[in-house]
Every structure is written in C-alpha cells, then in structure tokens.
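Below are two complexes that have chain A in common, paired first with chain B and then with chain C.
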Partner chain A sequence: MQHEIKVNEITGITDAKVLSGGSLLTNFLRTNAEVFKRDRLALTGLIILVFFALIAIFAPVIAPRGPFEVIEADGFWLSNEKPSTDYLLGTTNLGRDIFSQLIYGSRVALLVGFSAALAVAVIGTIVGLIAGFYGGWVDTILMRLADVAFGIPFLPFIIVLVAFLTPSIWIIVLAMAMLLWRDTSRVIRSQVLVVKEQAFVSAGKVSGASNLRIIFLYIAPSILPLSALYGSLAIGWAILTEASVSFLGFSDPDVVSWGFMLQDAFNSQALSRGAYYWIIPPGLAIMLTVMSGFFISRGYEEVLFPRLRKH
Partner chain B sequence: MRRGIWIYIGGRLLQSLLVLWIITTILFFLFRQAPGSPLAAYIDTTFTEEQQQALIARFGLDKPMHIQYLTYLGNLIQGDFGDSFRYRAPVTEQIMDVLPNTLYLTLTSLFIAYIIGVVGGVFLASRRGTTVEKGGIIFTLMTRAAPQFWVGMILLAIFAFELRWLPSSGTSSPGVIYRSEIQKLTSIDFWEHMLLPTFTLALFLHGLPLLLMRSNMLEVLDQDYITMGRLAGYSERFLMLRVAARNALLPIVTALALGIGYSIGGNVIIENVFAWPGLGRMLVSAVAGSDYPLAQGAFFIIAVIIVLLNFLADVLYSVLDPRVGSSSQAQGV
Partner chain C sequence: MALLEIRNLSVNYRTQRGTVHAVDNVSFDLDSGQHLGVIGESGCGKSTLMRALVRVLPRNGDIVRGEVYFKGRNLLELSEDEMRDLRWSEIATIPQASMDSLNPVQKVGKQLEDILIRRGRHDRATAKRRAVDLFELVGLDVERLGHYPHEYSGGMKQRAVIAMALALNPSLLISDEPLTALDVIVQHQVLEVLKQLEEELNLTIMLATHDISVIAQACDSVVVMYAGRLVEQTDAKTFFSEPAHPYSLGLQQAFPNLVQPKDILVSINGYPPDLHTPPTGCRFAQRCPFAQEACYQSDPVLTSIRDGHLSACLRIGEMDTLRDAARQPHTWLQTEASRLVQQNTHNGKQEPDAVATQHDDDTILRVNQVSKYYQIGGGIAGLIRGQKRQTVYAVNNISFELKRGESLGLAGESGCGKSTTGKMLVKLLEATHGEITFDGIDLRTLHAKNQLEFRRRVQLMFQNPFEALNARFTIYRSLAEPLIIHGWKRDEERLERIIETLERVNLRPAEAFLDKLPHQLSGGQLQRVVLARALVLRPDLIVADEPVSMLDVSVRAGILNTMKALAAEMGLTTIYISHDLSLLQYTCDRIAIMYLGQIVEIGPADEIINNPKHPYTQALIAAVPVPDPKIPSPPLRIRRGVPRPTEIVQGCPFVERCPEAMEACRHIAPPNVQIAGQHATRCHLYGEHADSPKLAPIAAEAIS
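For the complex of A and B:
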C-alpha cells in the first residue's frame, strides 16, 4: 500500500477532502467568484497581483529611464546617488536608476510566476488525472516518477540546468515545470480516486462515454479548483526561485529582475554603505507578489475545505 | 512489531533505491550537457594532440557511452566521485570537509524553527477567530514569502555593518583556525558566526510547522472526544496542551524529517549570502567555476540525503501511526 504524506506548504492542510459535488465548468467559475467574494485575504492578493501586472504592462511609461541606461553628469557616471526627486530610489554603482529597474523587474517576476504556475498546474493536473483514473501500472509509473521529482534537489537542479544551457528565464520556467508538478499531481490523483467513484461518473461510463471524455469532461471540472489552488501557490514559488537563481548569478545578464537587482546591490557593497534604498524595495516587491499568491491559494482552501472555515 | 509494517518498510526501501538510481542516471546525462570538453580544465592549449588523446583515454572518455555509464555507477557505489578540477583532490574529501558546517547550520535552525513553530501553532489555535490569530498568520506568511537572501542581506546591513555586533561571513574570524570539530563547536567565535545565518534560516523554516500545528490543533479540537472531555469537566488548558497538542504533533514529526532533507538541499541560498562554507555554497561555486566532478558529487550527496529522509519520514509515520502501512491489519489479519 502506498502511503503519501500530503502536506500543504502554506496552510498545513494534510489531506485533500472531498469536494462538494457538481461537475460542470460553471461550478469552477462560480467557485472562483466565491473565493474572491468571501475571502478578504484572497481579494487583497488579487488586488496586489493586478497592481503589479499593471506596472509590468505600463513599465516603459512609468519608468523614467531604461533599466540599463547609464546616467552621466559632466562626463562622469552618476554612481551611488542617494534618493532624490530626480532619482526616486537613487542610482546603482554603475549609475543606473534603481526606481526604473524596480519597475522593469516586475515584468520578469510576473512572466515567470504566471508561466511556471500554468505549466505546473497543467502538467500536475493531467498526470494526476491519468494516474488516478487508470490506476494499475500507469499509476505506479507516474507516481514513481513523482517520487523521483521529489528526490531531486530543487534549487541545485535548476542552477545546474541554467548553468549548462543558455541562461534565460524560460530555462528556469522549464526546470520548475519539470519538478514542481509532483505536489499537484499527488493531490489531484487522490482527489480523482474519490471523484471517480461518484454516481455521475458511473452514469457516464454506463452511457458509453469514452475514457478521455470521462476524464476531461466528467472528472476534470470538479478537480479544477484544486489545480487553481496549487497553481496560485506555484506563482509564489516560481517568483522566489527566479529571484534566488538570479541572486546566485545564474540569470540572463541582459534582463533586469528583482533578484538581479539584489545581487547587484550585494556585490556592490550596498550592505556596508547602508544603502537601504537599494536593498529594501526589490525584496519588498518579491515578498508582496509571492504573498499575493499565498493569499489567493488560502482563499481557494477556505472555499474548498469548508471545515476550516468554521474556525 | 507487526509483520505488515516490515513488508511496508522493505518495499519503501526498494522504492527509494530505485528512485536514487534514476536520479543518478539523470545526473549522468545532465552533466554530459555541460558546456565545453569535460577535460577543459586539464587540457592546456600547449598540449599536443597525442597528449590530449592520452588524457582522454586516462579518464575513460574514449570508451562507448554505456561503458562510461557503468564505470560511473560502479564508482558512485564505492563513494568515488573522482577528482575536483580546481582542487586537484578527491571530491569525497572536499565534501566531507564542508558537510559538517551544513549540518550544524541546518539542524540548529530546524530545531529552533520547530520549537517556535509548535509553540506558536498551539498559541494561534488557542486564539482562534481573534485578530491575534489573523495577524500571526499574516506575519508567518510574510516570513515564508520574503526571499531568504533578502532577509539575510538586511540583517547583515544592520547587525554586521551598521552596528558591527556580528561577523558578516564565514565560520571563523581571521586568524582563528579550528583544529577539530569539537574545538569548533565549543568556540564562541563559531557561534557568533552561526547566529545570523541560523536566525535567517529559522525565520523562514518556522512557518511550515507553525501553520501545520495550528490546523492540526483545530482539527483535533473539533473531535468528539474533546467535547466529551469538556463535558467531563477537564480544564481547557489540560485539553489543549495534554490532549490536542499531543495528537496534533504526529504530522509535525514527519514534516521535520522531510524538512531536514529539503533544507539541506535549499541551504544553497543562506550559505551564499553568509559565505558559509557548506555543501550548498560549494555546489554553486563548483557550477560557476565549471568544476563538474565537484558539482556532481555535491548534487549526488544532497539527493541521497533528501531520498533517505523522505524514506525515514514515511517509516516514522507508519511506526507512529498504526493505521498506516499495514492494510493486512485493517482487515483483521
């Protein structure tokens, strides 16, 4: 008997419980609406994300300068300038505008966050659906693969992959997609095991629906909120991971991300100079976006696992 | 012990070995993708073609792929990871040198994090529905969302550079040399160096046990036997601490075993911020410096630790919770 420990990293929910019935896609949409209507934290998370998304979209309009533009004054680089009305957060040691870098950094964070989350949710959901529905050797192979993914050291793997291939944010997204589907697929699988015993699935079988039809039209809709939950968690992990990889110096040198800014500050003695205006903002931005993902996933949980809501 | 549990443990052990073998194979092919010749560090541009061929032959790189793979597996089983390009010394030696530092940092941080987490979780559960609880949860989520290297940087800027209370990097002050691990562990200098990285890591790690403990407590407090206890006149304090907390602790033990594995793999960040000479820092500098044997060795050791602790977590869980792991028992056999 295979025993799995399912520990949700954020809320500490140890088991996926039976979702309330219904199998239509509209239920999923209704659940989404419910999540943000009912949970103030989830709504806060959504607002933060939308805020950063707007900044990312309008970055060229908001940022006074290009992220790599070197500011010169009297033929010299304007390095390590303190914050002023001209340079809201001062300048880096190569004379670049920190505020502009902060604005442009939101693009990488959101791009990585959303694409990794989507990849993780899609792969994890499909693997979980197939493993749970077919059972037998298909299930065994897929779940052993999940074990392998659990055994590979996450950050070291990404660092090695990025270092060996051309550094780009897409390699980071790919590496995360290759490993992080494991959590999602396990939870989805155990949920599928419950759902597939329900009457509407048997009814589908009796009426002669094909396996694929049953998986994607009968079972999938009722586990979608769970995918959304894990997807929103993955937003946070993806942003944190990208920041960490950049901080360690393995990012694309032509792209400004918040992690890259912090690495730059770290290597430019911003710490010993007490340049808090350089250190604080990028980290705060990372923390806020990651938290918004956490908040949203909590919102899903409150709706999906109503037992906890009572408390 | 029950027979079913041994069968379960045996099966789980085989599974872990299988997983480890697959990871090792992935590692082999992954490092084949490394840019440049695997001997780039050894081959000097002044070498003649023949000298280069001789070197390639010495390292077995002229053999077919499957022979290379088998040699690689054979060496790994014997704990032989080859020689580091940079240090020109066995990788195993390098790893053994830094492994204790990683363990001290990880285990101390986890210990502190889990104590704070368990106590904090019980506290938040006892304040359910209050602003204190809400604030506590938001604070905990903040500590999990804040990048570890950023928290480390701020602490360094304040305590190491501005106030000059604590050292900024490494395990010892200039001029201090530890002759043995015992001497290191009993020196105040070492613990001063430990303080900031431990605090940073513990701050990040405490969130999981705290949130887990809280939700477990709430779940246990919902059970009928707690209500019965209340009716029987036991004090709320007794029920909270003696009954609920005890029952809620089980998943925490498993989470701790899992946590040790993942923290060792994830220490990469903390070790680099604080220039802590451990496994994670070694891995990063080896990858950055194209020292592939060293990087591969460090990666493998981290993977072994993770798989081993995943296995232990499962075993621990099955031993502690009699409902798990023996389906025969459930059928009354």
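For the complex of A and C:
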C-alpha cells in the first residue's frame, strides 16, 4: 500500500475522477453547471427565474381570468375592488383582476428578457470574436460601429422606434439587439485579444489549425462564460427597459406587462387611494426577476475573476 | 550573539485538502555581516520561511511553533505595530519581481526621499543628501534621481529598489529570488552591487534562490532546504567542495557550468513530497540514489559533521564515497523515483555526438538576409494626436544555414530578436524582408491551402508549459489535436501514436496521463507533454523557445537530456532559443549570438564559449555566474541596457555599450569576419578598420 502511494506521488497521478474532453457544447454546459454548483447566490437567481418561467408557461392555468377580462357584477364594472378570496389582489379601476394581470405579465417580462439577452449575447460574442481575432480593418470597422452604438441614447432611441413602427414588445428586443451588443462585443474583443496571444493558440497555428478551428475550438470556450455573464445582465436590463417603456405609455396596449400595470395604476391614482396591492406586486415581480439576472451574473463573475472569491 | 536566531520554526498553510507543513522545525543562526543563501527547489519552503520572519504570510498561513530572535527580541511576540516599525528600518525586504514595485508616476528620487522623510525622520534637505548617498552606494548616476522608473533599464530599477531597501539603514536585508527573470548582464550587475554592499556596509543579507551560482558568487554561507526541512547548513566554500547531503550533491550535478562543462547533466527525478502528508522517513529518500531501507523508516536529524557544518542524512559517515558516486551521472538513474519514471527507457545511452557528426551537406534550413520590422503607434487616435509611426527593427538582416540533424542555439538578452526569429522560422510571423527556405520550400509561397505539410514538419516548443496547453483539453485531446488537423481519422491509430510519443518523452505509464487536465500535472511533466505534442507529427525541425526557463533546476536537466536523446534518435534538427549560454553549450552544436536584431557572432558551441571574439559575446559569457566560489566572476565591461531598436544604425549596433568601440564603429557597418572554419563575427576589431582610433571610454554609468 505504502508503495502504491509512492507511485502516485512520483508520476503525479491522483485518483481523482478526471474529466474527459468533450465537444464545445458539453464543455459549455459543464462550465455552466459548475457556476450554479459553486455559488448559492447564482443558484437562488436561477430558482427565481425558473419559478417565473413556470408561472409564465402555465399562466392560463394559474390565472383565474384573462388579463383584460372585465369583471361585471349586476351590470356594473367591479372597479377598485379590495383584495379578497375571489380577487386575490383586487381589481383595477376598469374592473380587471390584478392577480391575473400579474401572472400574465410574467410572460412579457420573460419573453423580452430572454430574447433580448440572447440577441445581445449572440451578436456581441460574434462581433467581439471576429474583431478581436482578425484585427486590422475588420476590427476598426466593427469597433467604430460599436462607438456609434455607444453614442445613441437608449430610451429616446426606443421611443423614436415606437413612433415609427407599431408598438410591440419586439421593438424593445430589436432596440436592445441593435444597441446593447456594444458592451458585450467590447469586452469579448478585449478577452479575445488576451487569449489569442496565449501559447496554446500559437500551438494550434503551428500544427496547422484553420482560423475557424482556432476561433471556435480554442478561443470561444474560454470566452463563453463572459458571454453568459453579459447575457444574464441583459435579462435584467431588458425587463427594466420594457417596464420603463410601458410605464411611459409606449407599449402595445393589447399586451399586459408589469410596467403596463404600473402605468395603469399610476394613471388611476392608485397611490393616492392607498391601493398598494396594485403597485407593490408588479414592482416586486420586476425587482425579483431583475435581481435574479444579476445574481446569476455574479456567479459568472466569480468563475471569471476567481479573486472575487472569499477564501 | 547572533543577529537573527531562528528556533524550531514551523509554518502551516490551511488549504482545502488539509494542512500543509510548509516549514517544519527549522532552526539556524545568522551572524551580523553574514551573507546567507537559502537554496532549494520551488515548494521547499524558502519563500514561506522568509515571509514568516517578517510576519507577512498569506492569510491562510500560520506560524505554529518556534521563536525568531532578532537582536534578542522575539519577533513572533511583538505587536503588529511594533513589527511595522521594525520592517524596513531594521529588516528590509526585496520582494520577487521587485522591479515592478516602483511607482511609475513618481520620480524615483522623490519616492526615495518620501520614505526617508516619512520613516527615517529626515527633513527635505537631509533626505536629498541621503538619497544621493544611496544612489552612489548602489552605483547609480545621481542625475537619475530626477527620472521616472520607465526611463530606467531593468538593472537600474533593481538597483533603485535595493537603494530604497537600504534607505533606513536596516541591519538585515532579506531578498527572495533577487535575480530570477533578469537577463544575465543585469544579474551580474546586481550581484556586483550586493557584493559591494558587503564590503562597504557590513550588511547582513539573507537571500533565497534556486540558482547555486548565485550562492557561489554572493553568499558566504548556505542553508539547503528540502520539503520544508533544513537538510544541510554550512559555509559556501564547503558547500561546493564537500557537500554533505545527497540533495546538495544532486543540485550541483544538475547545474550546467560554463567553465567545466559536464557531458551529461543529471536530473533529480521525481518531485518533493506532498507536504499535506509528509513521509515518515527521510523526505528525500525517493529521489536519493543512496537511499537504503532504513531511510524510508527513520527520519534523519541534523547532525554536526564538524564545526558549523550540519547535515540531515543517515549515511553521513560515508559521505566521501557518496560524493564520488554522485559525480557519475548514471548514479542518479538509480533512485526510486527514476525507476518509476524511466522503466524501459532508452537507457539514456544514445550518443548524440554520433549523429551530430553525421551531418552531410544536406542543408535543411536557409535563412537569407531576413528582417522583421514592426510599426508601432499610428492608428486613428495616434493620427489625431499627431504621433508619428515608429518602426521597430526587431530582426535586421540575419542569415544562417542549418544542416539536417544539427542543433543551433540562439542567444542574447531580452529584446535582441531571438524569439521573433524563432517565430518567423515556424511561420507564426512573416518576414518583412528576406528569404527563409525550409528544405527547398520558400516560406513566402506557403498559404492556408498548401501549408499543411510544412506545418507537419516544423514545430515550435513553448517557454511556459502552463500556457502552452489548452487548460480545457485533456492531455489526450491536446495531443490528438495536431493529428486530427492532419487528417488522422481513426481513433485507434491516433491513440497508438499518442501513447508511443508520450512514452518517448518519458511520461510513463502513458495511459495514466491521457485523461489528465494540464493543471493536474507538474511543470516538468507539462513541458514533456508540450514536447510530445511537438513530436507527435514526427517533424523534421523543432524550434524550442526557452524550453526550460520556467522549470526548476532539478527537472531542467531531465527535459534537456530527453530532448537531446530524441533529437539524435529521430534525426531532428533543433533550434534552441535561450538567454542561458551554459544551457546552449550543453545542448547545441553551434551557437549564434544576437544583438539588436543582428547576429553578431556565430560558430561551433565550444568555440563561442571558449574563444569568443565579439565584445558582446565576451560580455555575455563573463556575466554568466559560475557555480564555484573559488572562481570569482570577471568584471563586466559593458554598460547600459539594450536600447530600443527604432532606427537603423549606420555603424555597429553595439557601439554605445562596447568597451572596445572605435571611430569606425560609429559610421561603418562591421563586416562579417571569418575567424576560423564556421566561426564568424561581425566586428571591426577583426576587420580592415582594426586600427581605427578608439573612442573615449563611455562615462562609466552604474558600474563598480
């Protein structure tokens, strides 16, 4: 026994289970699983997000009524009802069930959140990879484009877009995709500049690997957590943006979102009537989903910058 | 009474895997005026010991036992405030990579004065005077006080840091690896300063190093540490003439020596034991060629051989016999660790020279007037600021040829263009001018579609093994990658080739390494994997850029020996790039010395070392520290750092630093003079202008 341990010391072989190599996808999934295993906060964020996702998916089952369904009693609208067992969060001044609106509102939030996050992460990553790897005039053109995107104020840009196009939640996704890739691409590019100078990338070149092989097999895996970080940050941003745009009254009037609810409450003077049951739930829902995005991004940051970890 | 008395000092680190006993029951004294070297591999506890003395251990480090008496006071019982008063004013430290510790936005003189005023109770005027004294003491030009750190060369920065450390008149100077990561010439200058301090200040110095030549040149006594223990303690002369611990014997045999080159360097196979669970017997037993059954059972204690010479070895009585045996390289293959690593090796018996002499007239590589220029500055922002683009002449018109099976060393200080040259040879960089032909193929004609065969035949080996492998790839995947690129479709064939290659580089059993990730291996093992990756396609030419500079001395030799043996066996042509001339002398048939992008001298390795012609080569060789205290290193006659090659020089690029500079050197480019056979140099001393009037010696800057 003593002898066997010696063998291990010398050859440096440990009995630890070793991970075998794998495709880009499995590597990516493994890194991500690692994030949530390591960090409770990220896990909390993930749980909140999954919770809202389930609500969004099963909204028709959970919500007792449609979001715009007007509740009538004795031929009158049942306006400004206080919370009761029938109407968990009361009704609006147009006689709509607030609880049902809250449930349906999660659909918009998550739809906007995820699609914008995906768009931002994908566009930003690709632009960053290409600009960083090829450099030269490709880099110059892409980065000057990013500068232009940096120069455009975000909310006014959306308001102008809404003015020209029909109001829809997709405008917000479009606007975010058009502008917010700038941050992601800048950061990814700088990371690519670092990674591409590392010796293992040169080693790939020396053994004859093609540019695409180098970008996707050598460089991309080490920057994917960074895309995920910016993606999860974008979830929060997108939800906040949707809420602000709705609150300013530029949203699609036929779709209920949490921001829309807040605007509705604001216009109906819910605050002065002390109808906190109308204001606090959508506010809290926005806060929680946005926070979940930031919690998850914290987890990625700790993976990317291990120095943040507490010993 | 000794200045510093260390008694039974033990330091533990708390880690996730348990407790590491990094320093284990170490005791020794340091007398006033003594220069003590602490030597050992990385992970032997040198740095921990030094940090424990001034109580700046990392947060997870605890001093669990022992006393440290400094001038009679136990440092470990002082309050943090008292300790802070003591640091710098009584015990000064020069940390590793200390050159970076200067504040880049403040003039060096100001930084020095500030310390004097804040800590030394000087006023502005006396502080200024003291700063001047300090600069004179470390041999820096007083005018330099008004300069910013970026205007300093590496060696000057190092001296400025020493001046700062000395500012408050400490009694003890502690320095951790003061010379690591410095060029030979800078190393030499710093050693000179340290020696001079000994004479002028009677300063007590304690320095940690893995380089025995530093001990030989700068220390008068030695403490050898292994696996957290003190295994030998003696004065420097005895350490070299009569070392009394097998580990010390191994370190000396593993070290290349320019003066008495060894035919085969020994490698102390294996690694220091895991200090989470130190072995019960002698900690060195596994790597010791003289280990007996008893060594695994009982732990040797430090025993006095004679006054002041202590060693912890059970066979201390037979040391004379062991010392003779240790000189035989094959002795070191008889350790437990070697047996495990080298089962059915090629016995290390290849005669590299046999193949080296087989050179026919088969030239495989031809480098013809090759240059590499870089443009720096410019860009849109630079254009608006009105900056001019600058050209850096990284490599300037070099030519050489290499025969099949030959090995060539490229040497020079950092920034001389040797790595750029290496990258051009493997076509990682394109030459700006000139022609590189590999086996008849002009590298300029290669592009993405037709380069695959060239990529198979020419490989590069990297300096830093920790970076050269993709951290996400297993060893198998890393080695399979070149094969996949080159169209090896079948898994079994790939696996077979990979296992065969791993065994060739002495990673056995190869199967055990396949599923490992790079961070699970040691530096030496990783560098073998890097070598295996270079060899897996069975190339014809390998360019090795500083292949062992990141590794411990004890494993360096093993890798070099493997490379040498494999090159002979596989008929490889190799180019070694290194700043370490003793290494090149050991591994290469020919050596080319580069300076500011030019080859200033080229010739057979022994010729270059023993009969250098160019003043720059002479300086480089003189600067290599000799691991023997009886041979004092010769004074260095060149000065200043390497200038930045931003303009094409009319005359000789070395003229500014050359002790022999002549009038002609300024204006006329030196000719390539054939000294004898293959030995050639670019220097006017041997050309038609040899009688040109000498230039007045350059104002001796910063040289003792």
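We adopt the following convention: the second predicted complex is superposed on the first by the 282 of 311 C-alpha atoms of A that agree within 3 Å, B and C clash if a C-alpha of one lies under 4 Å from a C-alpha of the other, contacts with A are read in each partner's own complex, and residues count from 1 in each chain.
Definition applied: a contact is a pair of C-beta atoms (placed from the backbone, for glycine too) under 8 Å apart; a residue touches a chain by one contact, two chains touch by 3 or more.
This structure is a prediction, so every number in the text was calculated from the model and none was measured.
Peer 1: So, A:Ser84: does it touch chain B (first), chain C (second), both, or neither?
Peer 2: Neither chain B nor chain C is touched by A:Ser84.
Peer 1: Output check: A:Gln198 vs chain B and chain C. Expected answer is one of first, second, both, neither. What do you get?
Peer 2: In the superposition, A:Gln198 contacts chain C only.
Peer 1: Have a look at where A:Gly249 lands relative to chain B and chain C in the superposition and call it first, second, both or neither.
Peer 2: Touch status of A:Gly249: first partner only.
Peer 1: Looking at A:Gly208 after the superposition, I want to know if it touches chain B, chain C, both of them or none. Which is it: first, second, both, neither?
Peer 2: The answer is second: A:Gly208 touches chain C but not chain B.
Peer 1: Identify the partner contact of A:Ser222: answer first if only chain B is touched, second if only chain C is, both if each is, neither if none is.
Peer 2: second
Peer 1: Now for A:Pro156: first (chain B), second (chain C), both, or neither, which partner does it touch?
Peer 2: Only chain B is touched by A:Pro156; chain C is not.
Peer 1: Check whether A:Asn267 is in contact with chain B, with chain C, with both or with neither, and answer first, second, both or neither.
Peer 2: In the superposition, A:Asn267 touches no partner, neither chain B nor chain C.
Peer 1: Need the overlap of the two footprints on chain A, from chain B and from chain C, as residue ranges.
Peer 2: Of chain A, residues 7, 9-14, 311 contact chain B in one complex and chain C in the other.
Peer 1: Going by the contact rule at the top, pick out the chain A residues touching chain C in the complex.
Peer 2: 6-7, 9-14, 16, 18-21, 27, 140, 198-200, 202-211, 213, 218, 221-222, 311
Peer 1: Which residues, counting only chain B, touch chain A once they are in their complex?
Peer 2: Chain B reaches chain A through residues 8, 15, 18-20, 22-23, 26, 30-31, 33-35, 128-129, 138, 141-142, 144-151, 153-154, 156-157, 160-162, 168, 208, 211-216, 218-219, 222, 251, 254-255, 258, 262, 265-266, 268-269, 272-273, 280, 283-284, 287-288, 295, 298-299, 302-303, 306-307, 310, 313-314, 317-318, 324-327.
Peer 1: Spell out the part of chain C that touches chain A in their complex, as residue ranges.
Peer 2: 59-60, 269-271, 273-274, 286, 336-337, 340-341, 380, 426, 428, 448, 451-452, 455-456, 458-460, 462-464, 467-474, 476-478, 481-482, 485-486, 508-509, 512-513, 515-517, 520-522, 525, 530, 533, 537
Peer 1: Which part of chain A faces chain B closely enough to touch in the complex?
Peer 2: 1, 3, 5, 7, 9-14, 41, 144, 147-148, 150-157, 159-161, 163-165, 236, 240, 243-244, 247-250, 259, 262, 265-266, 270-272, 274, 276, 279-280, 282-283, 286-288, 290-291, 294-295, 307-308, 311
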